[in-house]
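Below: a set of structures, written as structure tokens.
Same chain, two partners: chain A is paired with chain B first, then with chain C.
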Partner chain A sequence: MSRREQDLVDAWLRGRLDRRGLIKGLGALGVSAAGANALVGMATTRAMAADFDWRAHAGTSLRLLLNQHPYTDAMIANLGAFRELTGMDVTFDVFPEDVYFDRVTAALASGSREYDVFMTGAYMTWTYGPAGWITDLNEWINDPAKTAPAYAWDDVLPGLRASTAWNGVPGGELGSPDAKQWCIPWGYELNNVSYNRGMFDRAGVAVPTNMDEMVEAAAKLNRDIDGAYGVGVRGSRSWATIHPGFLSAYANFGQRDLNVSADGKLSAAMNTPESKAFHAQWVRMIQESGPRDWSNYTWYQVGQDLGAGASAMIFDADILGYFMNGEGNAMAGQLGYAPFAANPAASAPTPNVWIWSLAMSNFSQRKDAAWWFLQWASGAEHGLFGATEMDFVNPVRQSVWADEGFRSRLENSYPGYVNQHDVSAPGAQIYFTAQPLFFDLTTEWAATLQRMVANEVPVDEGLDQLAASVDRQLRDADLG
Partner chain B sequence: MDHASPLERILRGVALTVVVVFFMFPLVWILLMSFQTNETILRSPPSLVFQPTLDNYRALLGGRLVGAGSTLQVSYVQNLMNSVILSVSSVSLALLLGVPAAYAFARFRFRGSEDIAFTLLSFRFAPPLLVLLPLALYFQQIGLANTYIGLIWVYQLIVLPLILWIVRGYFEDISPDVEYAYRLAGHSWFAAFRKIALPLAGPGIAAAGLLAFIFAWNNFVFALVLASADKQPVTVGALAFITASGIQFGQIAAAIVLSNAPTLLLALYAQRHLVEGLSLGAVKG
Partner chain C sequence: MAVIADTPPRPRRFRVGARALPYLLSLPALLVCIGILIPFGTAIWYSLQRYRLSQPWARRMNWGQNYVDFLSDPAFWNTLQVSMVYAATAVVVQLVLGLSIALLLQRRTRLNNVISIMLLLPLMTAPVLASLMWTLMTNANFGVLSWAAGQIGFEDMRWASSPRTALFTVLLVDIWVYTPFMVILLLAGLRSLPSQPFEAAALDGAPRLFVFWRITLPMLTPYILTASLFRLLDAIQQFDIIYGMTQGGPGNTLMVFQVEAYLNFFQQTNVGRSAALMMILWAITYALSAVFIKQWLRLRERARGEV
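Right, the complex of A and B next:
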């Protein structure tokens, strides 16, 4: 490395230059892009190794169980840096998302020692944690001898840290002081509006900022735009129908899924007058301006329609809108993004989140070494690499969101994306109550929503029936 | 000599065309989809006019899945090879074990023969997930987890009972008198089995083998639970095209075309035996 190259890299390491600026600067000195990336990798490795014994487990081999996802691809692309930094070897199994959790459950339920680290969603840890399949990571996070000083756990968005920590008590508050850190947030998605800018312009509709405006805008778009419906939301009989836009809007009205009494007993909370009013509005919006076969809609269909120009907007994961703006979609480059607070009286959005996280198997025989990998994979350096060089969005670290290179890359190709995230991130967290019947009760909620949309049951009556059923199940499970 | 009137011939032709179009339409549509991009597939309304592309096949064979703004690695060719290895090996092993066993059950009455045959059939009744988790534990202990041999062994749960019971029926349909006559000439029972019974039951064995192959090829859950990603068959591998960034319909269609090809070719090759074999079973009275 020449002196001038060294100076540039040092400036970047001291934070005076962003990654993009560094690579541009190196380019000006005649270093190729690949060469610049290699230099950056080497310099980072050197800097990271300066204040922590990254090679404490050199020679150890780890095995990962991963979901096929752009996050996984970003990690695999950067794995060489981890091997060089630690002297450890990493092998992995990647399974498609449709079967991924079956595979995880099979591996954990059989007590398999094969995998040390695996990807999970925070909701799944509500089952895995109490079953003793995963390890409380506080033990490592809070141990300065085992965690690099630069790891900066507090840099991870607070809502995400809290959402992945639970004390294991049904109804226990997420992120409470006695909570166990079941997994480390890795990449996440919050729920906001992604919309077709051309269609909104043609129909002369402003981007909705609350539920009333969304119902109105969706109806007008539905009427005015040929070949497209107003708003895409999920509708299949699954817990996944409740957790994106629906719960984000519901929580914005201050509504909860369950009540937790002072003695820790749970009861249904979805049949309050406010909840009934919100449900009625949501159901009407789908009936008036939703997709025709809404009750089959998973996130695939919601995203696909937006990308193909069959819907004018979606109220779903922001990264779904992000991917639908990419090449291979008829509407590539034509989408916009906006924050959405359903309640006109609310000061900010309250998006519920899906967090792809990394967890440590309790059956791992190499837990310390696994932690070395976890802190590298969830560290700021890899986060920045993934966010700027690959599709590792949304990053979970505030420092990555503050990176000018990342922000300008997003702003140039995804108008409004950075803003919707900045406005929403403080309120982004899991708004469900952590309890073991989560999947059953939420799926029943989706089934009730289907009956309401199909006019099989009036909204008020449907919610009363749902609440009665939820209460019965909670009592049967000794939770209510 | 054809005595049909011209009208009858025309009507028959029309009827045949309608039936062929009805049954072939999904296959042809998938074939057409495999030469289109996602963008043209998702056009509304769909159209038969498009610019054909080989990108989907290129992505499958090259192992890189590009779509909706992201690139993913896929190992479809390896999945295909795994399916071939698992299906061919498990059916070969099942034929090797099952055909002599079927002959024994058909020709010899011995204590517990029906019980054993029924026990083998009962493997087909158990829901696979019921046995897979305990099996996973045992496999890990004895080192069979993540091995082709372990999987081929487990695949016997699907193919062995099928072959045994179908082929047993064919052996029972063949009159034993021919074999007795052959044995009276001084030949052993094994020679009678090899020279007389096997050739006569050939079409039945081919039909059973083909059916077993299709069942093995379509299996999904065994490898998913018992093996790592590099041993997964196409049934699991095909799901790789449902990605976080969207469903890659063109590549799914190309994957279906490629994965159906071996079964289709095998069925075409064994068509004569298959029809003979199936009709032999059908006239059992």
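Right, the complex of A and C next:
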């Protein structure tokens, strides 16, 4: 490495230069892109190794269970850096999402020692944690001998740290002082509006900022744009229908899924007059301007329709809009993004978040080594690599979001994306009540929503029936 | 001086006593039985417990309370009803279609042989793939069946996404996949029937309908029962097509046993309820099999002139 190259790399390591600027500078010195990346990798490894014994578990081999996802792709692309830094080896199994969580449940329920680390969502830890399948990671996070000084746990967005920590008490507040850190946030999605700019221009419709405007805009787009419907939201008979746009909007009206009494008992909270009014509006929006086969819509169909130009907007995960704006989609480069606060009286959006996280199996025989991997994979260096070189959005670290190279890349290719994130991130958290019947109750909620949209049951009656059923199930499980 | 035997020693033969031989021969079957019985016994054991993986502290024996709870659980009765309606409709339609096609293909001609082979193609398709194909074909935006429905006046046909047409749609897929199974069995039955009764009827100038109702159908009944039994057992345990297309929805429209038990276990981690559901499905399957086999044996005895 020449003196000038060394200076550039040192400037980057001291934070005076962003990654993009560094690679550009190295390019100006005649270093190829591949060479620049190698130099950056070497420098990162050297800097990281300076104040922590990353090679404490050299020779150890870890096995990961992973979901097929761009986050996984980014990690696999950077695994060489981890191997070089630690001297550890990593093998992995990757499964498509349709079967992924069944594999996780099967592996953990059987007490298998095969996997050390696996991908999960925060909701799943409400089952895995109490079952004793995963480890409370506070033990490692709070141990300076086992955590690199540069790891900076506080750099992870506060709402995400809290959302992945639960004390195991049904109805217990997420992120409470006695909470166990069941997993480490890795990448996350918040729910806002992604829209087709061309269609909005043609229909002369402004981007909606609240629920009333969304219903109106969707209806006009539905009427005015040939071959496309107004708004895409999920509708399959699954808990996954409730958690994205639906709950984000619902929470914005101050509504809850469950009440928690002073003595810790849970009861249904979804049949209040405000909730009924919101449900009625949501149902009407789908009936008037949603996809015709809405009840089969998962995130996949919602995203595909936006990317193919079959829908004018979606109220779903922002990263879904991000990926649909990329190459290979008919509408690539034509999408825009906007924050969305459903309640006209609300001061800011309240996106309920989905957090792809990394958890440590309680059956792992190499927990310390697994933690070495976890802190590398969730560290700022890998986060920045993924965000700038791959499609590792949304990163969970504030420092990555502050990186100018990352921000300008988003600003240039994804108009409005950074703004929708920055406006929404302070309110981004999980708005469900943490409790063991999460999947039972939210799946039934989705099924009830399907019946309402199909006019099988009026909204008021459907919600009363749902609340009665929820209360019965909570009582049966000694939670209500 | 050592004495060397001039005859080589006889190889020792392992002798099994006559009384032990039957047990030895049945050992492989016994091992298979154990392999089946252990999970079966475990499922019974779990079904008698209050057992949720997400509430390990609450796990305890409840001695059949899961079954008692079903009696007052509308979701269970809905599951039972949907499963029965689905299985019965699928079997009846497939039987009628299968028999009709088998009768058309009965004569051994080159064309019939080619068609018989082509009819096997859906059967070779994994049901979950078939559900994917049909999901695409019924897609409201680009599905060929949605387009065709629109051409004949059903512009708003919503297929599996509407509670009104969801059962019809999944049955359509089931029929598409499994009717060839009926055709094969019934065709084999038709072609193996003795020719003398048909020749006698032809000599007497019996009308075709008479021959069908009085000769073909009675002689074919054991085959019909066998084919129906296989299909009924399969249909009442249907999972792939329904889960692949609707996950049991919309609402609870298609919540059959297997889908309900799968969701209970893998999504809700309610092991006790899931196991109890599977035990009830087993009991229904067992009862249906017993009825069919009893009928089949009675017909066989009648055919031998023993009744």
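One rule holds in what follows: the second predicted complex is superposed on the first by the 480 of 480 C-alpha atoms of A that agree within 3 Å, B and C clash if a C-alpha of one lies under 4 Å from a C-alpha of the other, contacts with A are read in each partner's own complex, and residues count from 1 in each chain.
Just so it is clear, a residue touches a chain if its C-beta (ideal position, glycine included) is under 8 Å from a C-beta of that chain, and two chains touch if they have at least 3 such contacts.
Not measured: the values here are computed from a predicted model.
Asks: Quick check for you: in the superposed arrangement, does A:310 touch first (chain B), second (chain C), both or neither?
Replies: It touches chain B and chain C both.
Asks: Once the shared chain is lined up, is A:427 touching chain B (first), chain C (second), both, or neither of them?
Replies: neither
Asks: Between chain B (first) and chain C (second), which, if any, makes contact with A:94: first, second, both or neither?
Replies: Touch partner of A:94: chain B, not chain C.
Asks: Is A:109 touching the first partner chain B, the second partner chain C, both, or neither of them?
Replies: A:109 contacts both chain B and chain C.
Asks: For A:69, select first, second, both or neither according to whether it touches chain B, chain C, the two together, or no partner.
Replies: first
Asks: In the overlaid three-chain picture, which partner chain does A:327 touch, first (chain B) or second (chain C), both, or neither?
Replies: First partner only.
Asks: Could you tell me if A:172 is touching chain B, chain C, both of them or neither one (first, second, both, neither)?
Replies: A:172: touches no partner chain.
Asks: Touch check for A:293: first (chain B), second (chain C), both, or neither?
Replies: It touches chain C, and chain B stays clear.
Asks: Mind sorting out which residues of chain A both chain B and chain C touch, each in its own complex?
Replies: Comparing the two interfaces on chain A, one with chain B and one with chain C, the shared residues are 102, 109, 310.
Asks: Per the contact definition, I'd like the list of chain A residues that touch chain C in the complex.
Replies: It comes out as residues 101-102, 105, 109, 126-127, 130-132, 235-239, 291-296, 305, 310, 436-437, 439-440, 443, 446-448, 450-451, 453-454, 456, 476-478.
Asks: Please give the residue numbers of chain B that touch chain A in the complex, ascending.
Replies: 37-39, 42-44, 66-73, 132-133, 136-137, 140, 145-146, 224-225, 228-230, 232, 236-237, 239-240, 242-247
Asks: Given the complex with chain A, which residues does chain C contribute to the contact?
Replies: 52-58, 69, 135, 138-141, 156, 158-164, 245-252, 263, 266-270
Asks: What part of chain A is in contact with chain B in the complex they form?
Replies: 68-70, 73, 76, 92-99, 102-103, 106, 109-114, 227, 300, 303-304, 307-308, 310, 319, 322-330, 332, 391
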